[in-house]
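Two complexes are shown next, each including chain A; its partner changes from chain B in the first to chain C in the second.
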Partner chain A sequence: MSCFEIFNPATVFIFFACVIVSGIFTMNPVITVISLAGALAYWFVMPGQKNNRIHIYTVLMTLACMVFNPVFGHNGATVIVVINNHNVTVEAGLYGIFLGLMLSAAVYWFASFSKIMTSEKIIYILGFISQKAALVLTMALRFIPVYIRKAKQINNTQKALGLYKDETIVSRVRGGARVFSILLTYMIEKTIITSDSMAARGYSGRRRRNFSLYSFGRRDVIFLLASLVFTACTVYASSKGALVYNFYPYADTPSTAAVALAGYIGYGLLCLSPSVTEGGSRLKWRYLKSKISHSDIRLPTR
Partner chain B sequence: MALFEVKNLTFGYPLTDKIINGVSFTVEQGDFIAVCGPTGSGKTTLLRLLKPELAPLGNRSGEVLFDGLNAETLTPEKSCEIGFVGQSPEHQIVTDKVWHEIVFGMENLRFSQNLMKRRLAEIMSYFGIDALFDKNTADLSGGQKQMISLSSVLVMNPKIIILDEPTSQLDPVSASGFLTTLKKLNDELGLTIIITEHRLENVIPLCNKLCVIENGALTAFGETRQVIKEIIGNERIAASMPGSVRLYKILGAKGECPLNITEGKRYFREHFVRNGAPFETEEKPTGEKAAELKNVYFRYDKNAPDVLHNTSLSVYKNEILCVLGANGSGKTSLLYTIAGLTSPYAGSVEIFGKNIKKYKGQSLYSNCIALLPQDAQTVFLHNTLEEEFESAGISFGDAPYDLSYAAKTHPYDLSGGEQQLAALALVLASKPKILLLDEPTKGLDSLAKQRVRDALKTLKQQGLTVIVVTHDVEFAALCADRAAMFFRGECVCVDTPYKFFSENIFYTTSTAKITSGVCENLINPDDVRRYAEVK
Partner chain C sequence: MTVIKSEKLRKILSVIIPFIFIPAVVVSGVLVFRSKNYSYGIFAVSVLSVLLFICGFDRRKTGTRRLVLISAAVAMACVGRAVCSFIPAVNPITAITVLFAVYLGSEAGFMTGAFSALISNIFAGQGVWTPFQMFAWGMIGFFAGVFAKYLENHTVRMCVYVFFAGMVYSFIMDVWSVMWAYNSFNLKFYLASISSAAPYTAVYAISNVVFILLLRKPFSEKLGRIKIKYGI
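Let's look at the complex of A and B:
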């Protein structure tokens, strides 16, 4: 289980929002590299089943950006070759790599985010913004599997009724349309039952009080405060212009001014915090486990 | 003070006659009331009139008092003291997670977080369903869904629960489990319960009062045994009563009416004298085989367990074969395999001596096999029954029963029994030789079941072979030529009905349960009528 399970979903949501938004909007290669490193670190530390095909996608995406940006963008001073009167420049290539890495970092962060934020957590967060939207989402998640099952049943019935006269495409499309039409009638019919069931349990469109499985504790306060302070460093550096970086006409050397360093370090700590928390909790478990195995557990005797 | 006081309640929809006509009764705290009556008698309308949010709109007169207050103008909080559970397990569930469904009502009433948490814990521990907490509601069985619906009403601390055919969509095991839970609530918490049910077999022994409704009017209301005495002469109502009550009627309706199997056995022993010739021996059908399965294996997924496991079964031409068995025993898969909708990974299926794989394209479905699925609604395509029949190329005269009175009705507005018969007529349009039916009596009342039974017998006379998958032992005992029992994907036994049901101990009709030990080979009330001499 991820250590993020013990945080309130709101904390998790705000953390990911800080990381992803500030990572994308600073447009600074150092920040991008830090973001990618942090995202990758957490991806590997995160427990549970992971789809490792994601690496293929990100590498391909970065390569594609590197190749296609110089093809379509012709800014930059260092020309490698001229094709059809168009300059292919080093800077455009660098910008492509930067873009690819930035997108890759976002992909990793989003992948971790979606693994941690299950549907109930999303609904919980959405409940703060709009109760109605949260309710609609949970109802949609409820009815999608029901209707898929129903569509299959209808299809089987129609098949056994001999309504698919032959195996041509036209016949199949007609069959599909028939299934859809029956499904629609069925849905409209059954929605009445659902709305009755809601009304019978006091639903009247008044304001509700959302039940929450989650508490907001000291841990959340600490993690949230830390995240906000680190983000503030980055935002401050960015507002002072220390993180401005130009690829064209010549690629800049990243700024090493004190303000810029503060920004890098703040963002670095922000990106590393999930891996550190996860690693820390693992060490703690190892320690607790060793204590359990060494302690002599005796059942109380009567 | 009475919990509900219904005074001279009359109700009709704007364009129809009166559906409820001058009904008066009182419900006392702690009552367990079963409401019975034929389909269309106004049971559901009456129950909905008791719950303000669900009360239909129309011309209404008379008075309904809940706890001394006018039931039409209750506050939402007060109204939630009247709990309501309907019949569709699938569609009365609103949210995707079990815990969310249970707190849904409390969220609407704005309970505090702590109270919600506490009630959630209480109810899940009380029913022992805490393992379902994180489950998706879509993954639950029908019985579990109804338990969740009941829980989600109970957490609002209702004084009374109204249930409209809560078990009609459930298999017998889940149904009796659900009803036992209601009895437990009634006994342990003093919860008042009003329930309508087709399966009176299970409800009559539990309830303390019975309410009989016919054509919108109250025929009888009062203590169960008393009411049964009053209505025992009424053929239509008596036919829907449990086996013990029907035997009581056949044996002359003297003395106290037995309400359950134990009482029924005692009553039968005392009042039955055998009279009549020995039973004719039943002939096992022989001759040409309509369908034959040889060592069939089927599973849904490579890693899933077998659903059909070494199944062998012969179905003879022109017989009605009823396949019985528990949920998940492979009954429906058997039907789908014979219908060619699923293909086995081993073994062979032969239809009229020809391997099912050799039926190319649609040839299996024209003039050969037809399947009527469990949900008859999946058959309907049009807005009226007339259009439905027209597009299938049949007329109302073709069906072995009359439906022409409902020609202009939307198929969804027909009663459950009429839907089943209409769907059957449409399925028969392809002039099949083998008819496959999946649970044709689910949710039907006794009269509708009889119509289905008559239809099947007529079809048999016309030369069809019929395979019925059902949970309904009483139905099977009345119409089968042979009955088969399925267990763990295998056909465990096939026999003629008298042999099958009188040799079974647990899985048999209530008549067979009552009469066993006194007189063998009685499986239907009609058998008793034929061979009994009334003392």
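Let's look at the complex of A and C:
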């Protein structure tokens, strides 16, 4: 279990929003590399089942960007070769690599985000904005398994009655449409029943609130404040123009002014904070467990 | 969870937030992320306009039956996307959104499209594209509701609408990817990305038409019937 399970979803959401927005809208290679490193670190520290095909996907994407950018773009001053009156430049290749790394970082961050932000947390976040929207989301998520089960039942019934065969594609599509039509009738009738029973229990009466068990504790305050302070460093550096980086016509060397360094360090700490939190909580658990085995468990004496 | 208890304050905030908060977020972001200002701008506008729609939906009085019907439509679209996921580029979300929008109005259409994108991405994978998908499908539903008079009881017009909706959807998503990568509307890259996505776009647009041809009749009969029977 990730230690972010016990954080308030709003804290986690704000953290990811800060990391992703400042990562993908700052065009600076240093920021991109930091973002990718942080995302990868968290991807490996994060417990639970992970889909490792993501690495193939990101590598292929980076390679594709690296190849396609010089092919379609001809900006840049250092020409390698001229094909068909078209300059293939070093700068365009560099920009392609940078773009691929930036995309990969976003992919890793979003993969971790999807893993932590399960549907009930998204509903909780949406509840801040709109009660009704959260209700619609909750009900839709409930209806999905119901419809899948019902569709299977209808399909089996129709087949058993001999009403369609699934031999050719056309007959399968028509059979599918038939199942859909029946499912639609079921869905509409059930909708009316559900809404009437909601009305009977006083749904349309007074203002409603949603209920959840998430609390906003000390750890949330600390984590949220830390993320906001680190993001503020990056945003400050960015608004001063210190993180502006030009690829064309010649690729710049990244700025090393004090403001830019503050931005890099702030963003680096922001990107590392989930890995540190996760790793720290695991170390703490190890430590507590080691204490148990030494002092509290007494071997039976003969 | 309602954070602000005072009814009056909530009312004031609900007016202030859209007119001050949204431009403030966009302008400040454009000033901060200078080298990515255009892409940040369109990103912020699409996120905030989806939020604005949701807030408007929250304030308006929607009947319970309509509300449950919208969530059922969202569930239906998500099941459809999951069922069709083995064929690349084919999903019935546009078709179902348009059909619901035509019979239940533009607001229901926007909600169906936007929430179908959000929920089906819980299974299919969230990404930077989620707000754009929400916005694009929401708008397809919204305009289907606006033109409901012309689309209702007219299969050919509806097919034409979903065909172009499918193409426009792909084009919108490509605009975003080009804007984000190059921070300006670079026509050459845009054409390159459109042409590389052309087979998908074509399959998507045609599959939308097929879905409409298959589903329009049951939808119009059944939704028309409950509209009369229960007065939704």
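As a working rule, the second predicted complex is superposed on the first by the 292 of 302 C-alpha atoms of A that agree within 3 Å, B and C clash if a C-alpha of one lies under 4 Å from a C-alpha of the other, contacts with A are read in each partner's own complex, and residues count from 1 in each chain.
In this text, a residue touches a chain if its C-beta (ideal position, glycine included) is under 8 Å from a C-beta of that chain, and two chains touch if they have at least 3 such contacts.
All values derive from a computational prediction rather than experimental measurement.
By the touch criterion stated above, A:161 is placed in contact with chain B alone, chain C being left untouched. Contacts of A:213 after superposition on the shared chain: chain B is touched, whereas chain C is not. Of the two partner chains placed around the shared chain by superposition, neither chain B nor chain C is touched by A:283. Look at A:141: by the touch rule set out above, it reaches both chain B and chain C. Shared-chain residue A:194: touches chain B and chain C both. Of the two partner chains placed by superposition, A:56 touches none, neither chain B nor chain C.
Within the superposed three-chain model, A:177 lies in touch with chain C and out of touch with chain B [touch as defined at top].
By the touch criterion defined above, A:72 lies against chain C but remains apart from chain B after alignment on the C-alpha atoms of chain A. Once the two structures are superposed, chain B and chain C can be ranked by residues of chain A touched, with C on top. When the shared chain is aligned, chain C comes close enough to touch A:241, but chain B does not. Common to the chain B and chain C interfaces on chain A are residues 119, 135, 138-139, 141-142, 146, 181, 185, 190, 194, 196, 198-199, 203-204, 207, 209-210, 212. Put simply, chain B touches chain A in their complex at residues 51, 53-54, 76-77, 79-80, 83-84, 86, 88, 90-97, 99-100, 103-113, 116-117, 120, 136-138, 149, 152-153, 156, 336, 339, 341, 361-362, 365-366, 369-371, 373, 375, 377-381, 412, 426-427, 430.
Residue ranges on chain A touching chain C, taken from their complex, read 20, 24-27, 68, 72-73, 99, 106-107, 110-111, 113-114, 117, 119, 122, 124, 126-133, 135-144, 146-148, 151, 173-174, 177, 180-181, 183-185, 187-188, 190-192, 194-196, 198-199, 203-204, 207, 209-210, 212, 235, 238-239, 241, 243-245. For chain C in complex with chain A, the residues that touch the partner chain are 1-3, 29, 31-36, 39-40, 43, 51, 54-55, 57-58, 62-65, 67-72, 74-76, 78-79, 82, 111, 115, 118-119, 122, 125-128, 180-181, 183, 186, 188-189, 192, 210, 214-215, 218-219, 222-223, 226, 230. Contact residues on chain A toward chain B in their complex (touch as defined above): 119-120, 135, 138-139, 141-142, 145-146, 150, 153-154, 156-162, 164-167, 178, 181-182, 185-186, 189-190, 193-194, 196-204, 206-213.
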